[in-house]
Amino acid sequence: EACGHISLSAPIVRLGDSVTASCIINKNCSHVGLESPILWRLGTELQPGGQQRRLPDGTQESTLTLPHFNRTQAFLFCCMNWGNTLQILDQAELRAGYPPAIPSNLSCIMNLTTYNLTCQWEPGPDTHLPTNFTLKSFKSRGSCQTQEDSIPDCIAKDRQSHCSIPRKHLLLYQNTGIWVQAENALGTSMSPQLCLNPMDVVKLEPPILWVEEPSPEAASPQPGCLWVHWEPWKPSLHISQKCELRYQPQPGDASWTLEGALPTETLQYELCGLLPATVYTLQMRCIRWPLPGHWSNWSPGLKLRTAE
Amino acid sequence: EACGHISLSAPIVRLGDSVTASCIINKNCSHVGLESPILWRLGTELQPGGQQRRLPDGTQESTLTLPHFNRTQAFLFCCMNWGNTLQILDQAELRAGYPPAIPSNLSCIMNLTTYNLTCQWEPGPDTHLPTNFTLKSFKSRGSCQTQEDSIPDCIAKDRQSHCSIPRKHLLLYQNTGIWVQAENALGTSMSPQLCLNPMDVVKLEPPILWVEEPSPEAASPQPGCLWVHWEPWKPSLHISQKCELRYQPQPGDASWTLEGALPTETLQYELCGLLPATVYTLQMRCIRWPLPGHWSNWSPGLKLRTAE
Amino acid sequence: PLGPASSLPQGFLLKCLEQVRKIQNEGAALQENLCATYKLCHPEELVLLGHSLGIPRTTLNGCPSQDLQLTSCLSQLHRGLFLYQGLLQALAGISPELAPTLDMLQLDVADLATTIWQQMEDLGVAPALQPTQGAMPTFTSAFQRRAGGILVTSHLQSFLELAYRVLRYLAQP
């Protein structure tokens, strides 16, 4: 049976708080003289101030208080001199940090490839302690005041500030209450709750712009005009959406010109009012409409040259 | 309860062999006239030659024999005319191919990063059938005639001709009997057995060649000589090894010159007999030695220029 | 009973139209896959099998374009979707490759049924109790599940074609 045993007031404390440790040397620790002083070492430095006393049952106990423990982590050793070497009898890990701040900027995006609802948040300042982030959610009829069915917790991986709720737990067209909970040894905090319809936070991928091969049948554009063709992103074919076009003459120092509300059915558009014999960069983005959604990113630039 | 049921002499046959199928129409298949002819379709082509008869219990049975089935896969349909449409009553999948050939060229390499023993083999000609390859092995004292402890089967992933036995199943310095078994619906075959010591098939990664920054202390090379420095591959530091150097003047049309048996302790070597003011490409490789092993690949080329 | 379009929120109708289009795309993908992989391409060749397996079919005759009664139309739409949700569940185990498509299709049909049921509740026309699923066919072989998949999806597509027309009519401004 080991000679020494450390017990702590608390293994984890707030940074700067005090910690009290006691080390008991059990009496049948025959190797050492029972009166030898118990020594404390924090990391590599011996710690004076241990109060040693003999307990009624003959065992020795030393108690040490560290008034302001302001390291995030350190090992505390209970030791004794034996022969002329310092012997470690037990070791305890001390940790200090902060309770988790309230996670902020919680936002979610519906991914149409995986049909997962991915939410992300700002975790707040480093707590210096292992902190678990859990995305909690429930299905709700109204404005998320009442919980209909619960949804299994989504536990973020270590050091990640996002989590994805799989499709099978979602009702895509019903309000869902979502918040994130942060928890560590010093406390728990919760973000404000979002109330959203998963499909209303869908973010589309940009459409694909393409150029029609010049051919006799193809309508040759009027002077100062360009024919623009595009294809919506395949997984969003069932979603009614509106798109925007922006263009910029080369070299690209002039600002972008925006051409809003393109026709959604025809998937082509004659862009006019352009300079002749000039190369333009065209980009397009789309958004679920009239139902809510997020704008896609701008598509990669397509370079087209207007006729002479 | 479904009207028709196909049974096959065998769902999988050797390519070119015959297949016999029978289709029974149960009598309580109320929708059809009991005397209607049972029709067979293979893929999209109707198959004449079905022998139809009434069984004692009143059910109708048709038997079809395909004398030489030489497709690797096809669907066989048992049908009947109903109203004026051909109705499918049951479908069976026919497959044909070959029993597995004996896997050849079984070889293994010990990977010092993962400490897995990875073995690979030639699977032989395509059998056209789902074929499982399993790496079987056992620990053995002598020359693998007797099996001491078995090692769990290593099942190759689909269409892969390699498998890795994890460290925890291996005794690195004891003989291990290894062979690969191939199995499909038409048979099983086994490769010849290897008997090897995992560490004896270690393949090192090449050493890292480096150039000493010219500095006053650094011994400046004699005319026509170059100082070569290298570091063994870190995970092989505990392995005694020998290395070889090869060099080639630029432009690289001359053949390589080999400089064997470099000193293993000093990790540097003065290479002489070179042309002055010439750029040489140097490469090095190492092998576990004197214990058995495989040569590493040649290191990436290091370009050094000899003095004027 | 409710008059036709007036009382249905535009958002509800647009959501339903989007959901129907999604289900139709997934149904078509499942049919294409069954045809490509198992050469089961024509539902009309499987009518007899459908009868013998007792695969139920439902139509949407409660939503005539003239004198449309919203309550009966919505509840027939819900009942139909509820039936197809059950039929799709009965097809579980159709094949490892098709399982994801079938799962998504079933989840989306259930989603649409929920959207409609909640709208009926909001309008105060929902029956007191949710419907309970009747007896479902049991598919005893891989072939029956695949053939059942062709039949169920083709019935569902026809049902949704009608539903789409009704919803578009109701969504007209």
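In order of appearance the chains are A, B and C, and numbering begins at 1 in each one.
Criterion: a residue touches a chain if its C-beta (ideal position, glycine included) is under 8 Å from a C-beta of that chain, and two chains touch if they have at least 3 such contacts.
Being a predicted model, the structure only gives us computed values, none of them experimental.
Taken chain by chain, the contacts run in an open path, each chain touching the next and the two ends left apart. Closest to the middle of the protein, by Cα centroid, lies chain A.
Here the CA centre of subunit A is 40 Å from the CA centre of subunit B. Averaging Cα coordinates per chain places subunit B and subunit C 46 Å apart.
Interface of subunit A with subunit C (complex): residues 115, 141, 167-168, 171-174, 199, 237-240, 290-291. The part of subunit B that touches subunit C in the complex is made up of residues 1-3, 29, 31-32, 43-44, 75, 79-80, 82, 85-92. Touching subunit A in their complex are the following residues of subunit C: 11, 14-15, 17-19, 21-22, 24-25, 103-104, 107-108, 111-112, 114-115, 118.
Within the complex formed with subunit B, the residues of subunit C that make contact are 38-40, 44-49, 51-53, 140-141, 143-144, 146-147.
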